[in-house]
Amino acid sequence: MIEIAIDKKIKTYMGYNRLRVEDVFPVSSVTKVYGPSGIGKTTFLKIIAGLITPDRGIIKVAGQTWLDTQKKINLPPQERKAGFVFQDYALFPNMTALEHLRYATQDHQLVSRLLRAGKMETFAGHRPHQLSGGQQQRLAILRALAQRPKLLLMDEAFSAMDDELRETLITDLKILLKEFGTTTIIVSHHAQETLGFADRSLKID
Amino acid sequence: MIEIAIDKKIKTYMGYNRLRVEDVFPVSSVTKVYGPSGIGKTTFLKIIAGLITPDRGIIKVAGQTWLDTQKKINLPPQERKAGFVFQDYALFPNMTALEHLRYATQDHQLVSRLLRAGKMETFAGHRPHQLSGGQQQRLAILRALAQRPKLLLMDEAFSAMDDELRETLITDLKILLKEFGTTTIIVSHHAQETLGFADRSLKID
Amino acid sequence: MEWTPIWLSLKLAAITTLILLVTGIPMAYWLSRRGSLLKVIIEAILTMPLVLPPSVLGFYLLLSFSPNSILGKWLLEYFNISLVFSFEGLVVASVIYSLPFMVSPVKSALAHLPASLAEASYTMGKSKFETFCRVLLPNIKSSLWTAVVLTFAHTLGEFGVVLMIGGKLEGVTKVASIAIYDAVDNNQYHEANLYSLVLFAITFVIVILVFIFNRNSLKGPLE
Amino acid sequence: MEWTPIWLSLKLAAITTLILLVTGIPMAYWLSRRGSLLKVIIEAILTMPLVLPPSVLGFYLLLSFSPNSILGKWLLEYFNISLVFSFEGLVVASVIYSLPFMVSPVKSALAHLPASLAEASYTMGKSKFETFCRVLLPNIKSSLWTAVVLTFAHTLGEFGVVLMIGGKLEGVTKVASIAIYDAVDNNQYHEANLYSLVLFAITFVIVILVFIFNRNSLKGPLE
Amino acid sequence: RVAVAANAQFVLRKLAGDFRKRTGITVEVISGASGKLTAQIKNGAPYDIFLSADMDFAQSIYADGFALNQPKVYALGSLIVCSSTGADVKNWKSYISSKTPGKIAIATPKLAPYGKAAEEALNHYNLYQAATGRLVFAESISQVNTYVLKGAVNIGFTTQSLVYELDPLQQFQWQKVDPSAYAPIRQGAVMLKYSKNKNFVNNKRFFDYLFSAGAKAIFKKFGYTTT
């Protein structure tokens, strides 16, 4: 079970905006997060992963406290090891697709399974700039999964895929996520995108 | 009227793929281009803009020949001036949103109109890394429009926006595109995304 | 201690840096575009002056600029310019010697920029030149300033080349580095320390200002 | 012409470059992270040795390393190391003198990298060190090679500092740059040319190889 | 403008001062290694008079047609052994032969006449063998001075004129080397072709002054012998 309660002022050019979220995410659930553009969805995911520190808040994952601003606990991202699919992918320009996965895990069998699930076998030797948008996005998802994360944070992770590709990928993902016992939080704009994937939802505004 | 007939071998790590497209796009039309991920949609748009040269082909825009591989005509991108919304935005890290638009046009009135249409007024002073994903995407669209292009090429230009935002933006876009007499080609994965925007479609495979 | 050598040094360093900004940056741009092996060779050649001890480089420059040489004679006859024992000569020599410090860092930084930045600008109808000035250069500001600081400092400290083709002419080619060297040579350690300190202080202030200016132009975090 | 000076020079340049790779790159990383004004000041101080004429820098190093000085005495007593008139001394001096050529370009390149690369690696549980080695450094390869080439070439050509604290000991501190200088000063131009050519040829080949290697690691276009 | 070998620059400044008192003419002194100055003169350096540290460089300038006159000896230098670290320079020969660890600085024999003289002196007393391994070669006589004065070496061979340039507070011991142990260090002067361009009369006056009784007195005062 993952408990989150955070509060952060977001500076914009014209004053401040307040990002306030409180929720409890059951183990192995897939939660869809939505809300208007620029409200702070990406910021929310980054706070969970430990990349941004909120002004106030508590994050507890499976009994372990990741963040407690009052008790001054703040685990660094390395100890949280949340799988993160960045909105802009954040792939490593120097690595081929295969090297991305090998960087995340030593498990060669998992690597081949992931490549197959993402239909990326033939692109294993490509660097990010040699991949199409959709291929890059799939690689970002596979990389996040490769570390068998307890918590998977996906930021608009299906936006560059067509319906068919997404649906087959989701089928494979669900198997993997169940196997790993991963709790997933996915930011998505399109209702349709997470159909058959998310089992709960959270609105930020 | 825009006539396009191109043929290009796309190198993949495991041999070659053939990208072949032939179509005629009426003036002021909005054509949706779709097809599986990695098939060459982005490549197709870049060929039209003059950023990639095909092995063989002809591109004629409003009577002017942009490309004719047989006659060795190949206008550089600067002379084609196609408005291009890149799949990864390709925003300039050094410029604020306002500076992006000012870089594209001297017309201050148009700039304010665009900022308003994209709901970006309050973010005019932000640099790309200070913008959310959806804000960046809107800025990329506004920048492409700012030069009053005869031809607008949009690569997944609405993927980071929610339905509501997209619909209001499309309403404003249509007015501008009609005013400029722009012919639009938009790559999109989601049928819903271009609803009420595209009036014809082209499948690549 | 006299101020003329310090002033001459600063002038020399400033002019050299300026010339290298104007010539070295286009060169860096050209070298950063993919090209034939020729570019690699040219880049290697630019680095070669560094390999020679400065006074030896100065000696070869002296031979090629001297009125006895073809080049020297030609310059003298047609332009009435002498590059030996003149301030102009020091500038030319410093430019040759410091060239790689301007070109290399800028070139590498340009090579690291994503191609899509320039492409986006081209589709907006912007020329290569305008794209370079308004999109590419501003995005490698930090490397640019680094190059400027290295070039400037290196020219200030330059001594062997300058000594050889300049010859310590009071107010013309006797720059601060030579004055310091002379002072040490003459056992006038106090004077040498004084010169060094002044040169340090001035450069330190310039460099700090450049770095602070540069730092503020770097990206900030979300907070 | 003898080969010992050439060999010594190459050894000195290689060792200096190696030491600077090991020490300069972490320093560049540290400087590239945002920080207090202190970092700016430290960076400026690193640049300062450049501003002095090398032989004067050599003079100050001589003062601080000589067996009369506190540092020199201490080194001699506790480690039995003398940094004057020894190869070790040349290495220390070259490291100090060439430091900015290694640190500055690498630092700037690191500053230009998007923050998201490191962030992505951190969320994968990778330490800062592993992230730096496997993600950040490989993505600034071009700047890294530039820094290596500049440092190497600059150390080869170094002469003033080496002359001052080296003492021209055959096979110990008489490096190629000094041999060339002596030859020129002694009117043995033929010998000087020979040395210069050999030094050129060797460095040219090394630099070309580095550049070709580096070029192939750069991104290719769609074609 | 007078170009002068580094070892004689101090005395030349004194001479220039004296000359100015007598005639009101200012002399610009440019010092450097003789070899470097020679290369510069042959490539168009704007110098009027050249005072070399030996005869060879002056001779080569004359031979290549850059001088107006045969080189004339303006002074003979004398070699001293000195130390600022308290070494026993009075008995420098036994100091060297006893193989105590301290370093010994001499100027590079190939480049500097004082270095050559020092080498000759060491050979004369059969000390060269004992000194090898402790010998440190300086670029010029000035650098020997720096090494000695800053204690980087224990003893050094340099020009006697150094003694008269020193700060009196400096701890310093010196001992003349017997002139019979080395060939005389003859320093030659030439008037350069360039001097005809401007102020030839003044240039000539200074050149003649160098050989006058007044100048000789000053040379003597700074440890040179004159002919």
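Letters A, B, C, D and E mark the chains in the order given here, with residues in each chain numbered from 1 onward.
Convention: a contact is a pair of C-beta atoms (placed from the backbone, for glycine too) under 8 Å apart; a residue touches a chain by one contact, two chains touch by 3 or more.
Only a predicted model underlies this, so the values are computations on that prediction, with no experimental measurement involved.
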Set of chains whose contacts include both subunit E and subunit C: D
Relative to subunit C, chain with the most remote C-alpha centre: A
Most distant chain from subunit D, judged by the mean position of its C-alpha atoms: B
CA centroid of subunit B to CA centroid of subunit C, Å: 43
Centroid spacing, where centroids are CA-atom means, of subunit D and subunit E in whole angstrom: 36
Subunit A and subunit E, separation of their C-alpha mean positions in angstrom: 78
For subunit A paired with subunit C, centre-to-centre distance based on mean C-alpha positions, whole Å: 48
Set of subunit B residues in contact with two or more other chains: 88, 129
Multi-partner residues of subunit E (each touching 2 or more other chains): 36, 39, 143, 146
Residues of subunit C whose C-beta touches two or more other chains: 55, 59, 114, 139, 184, 219
Subunit C - residues contacting subunit B, complex: 114, 116-117, 119-127, 134-135, 138-139, 141, 219
Of all residues in subunit C, those that touch subunit E in their complex: 55, 59, 62-63, 65-68, 72, 82, 84-85, 163-164, 167-170, 182, 184-187
Complex contacts: residues of subunit C adjacent to subunit D: 34, 37, 40-41, 43-45, 47-57, 59-60, 100-101, 104-105, 107-109, 111-112, 115, 139-140, 142-143, 145-146, 149-150, 153-154, 156-160, 177-178, 180-181, 184, 192, 196, 199-200, 203-204, 207-208, 211-212, 215, 218-219, 221
Residues on subunit A engaged by subunit B in the complex (per definition of touch): 12-14, 34, 36-38, 40-42, 87-88, 122-126, 131-135, 138, 155-156, 159-165, 189-192
Footprint of subunit C on subunit E - complex, ascending: 1, 6, 9-10, 28, 30-32, 36, 39-40, 42-47, 140, 142-143, 145-146, 149, 165-166
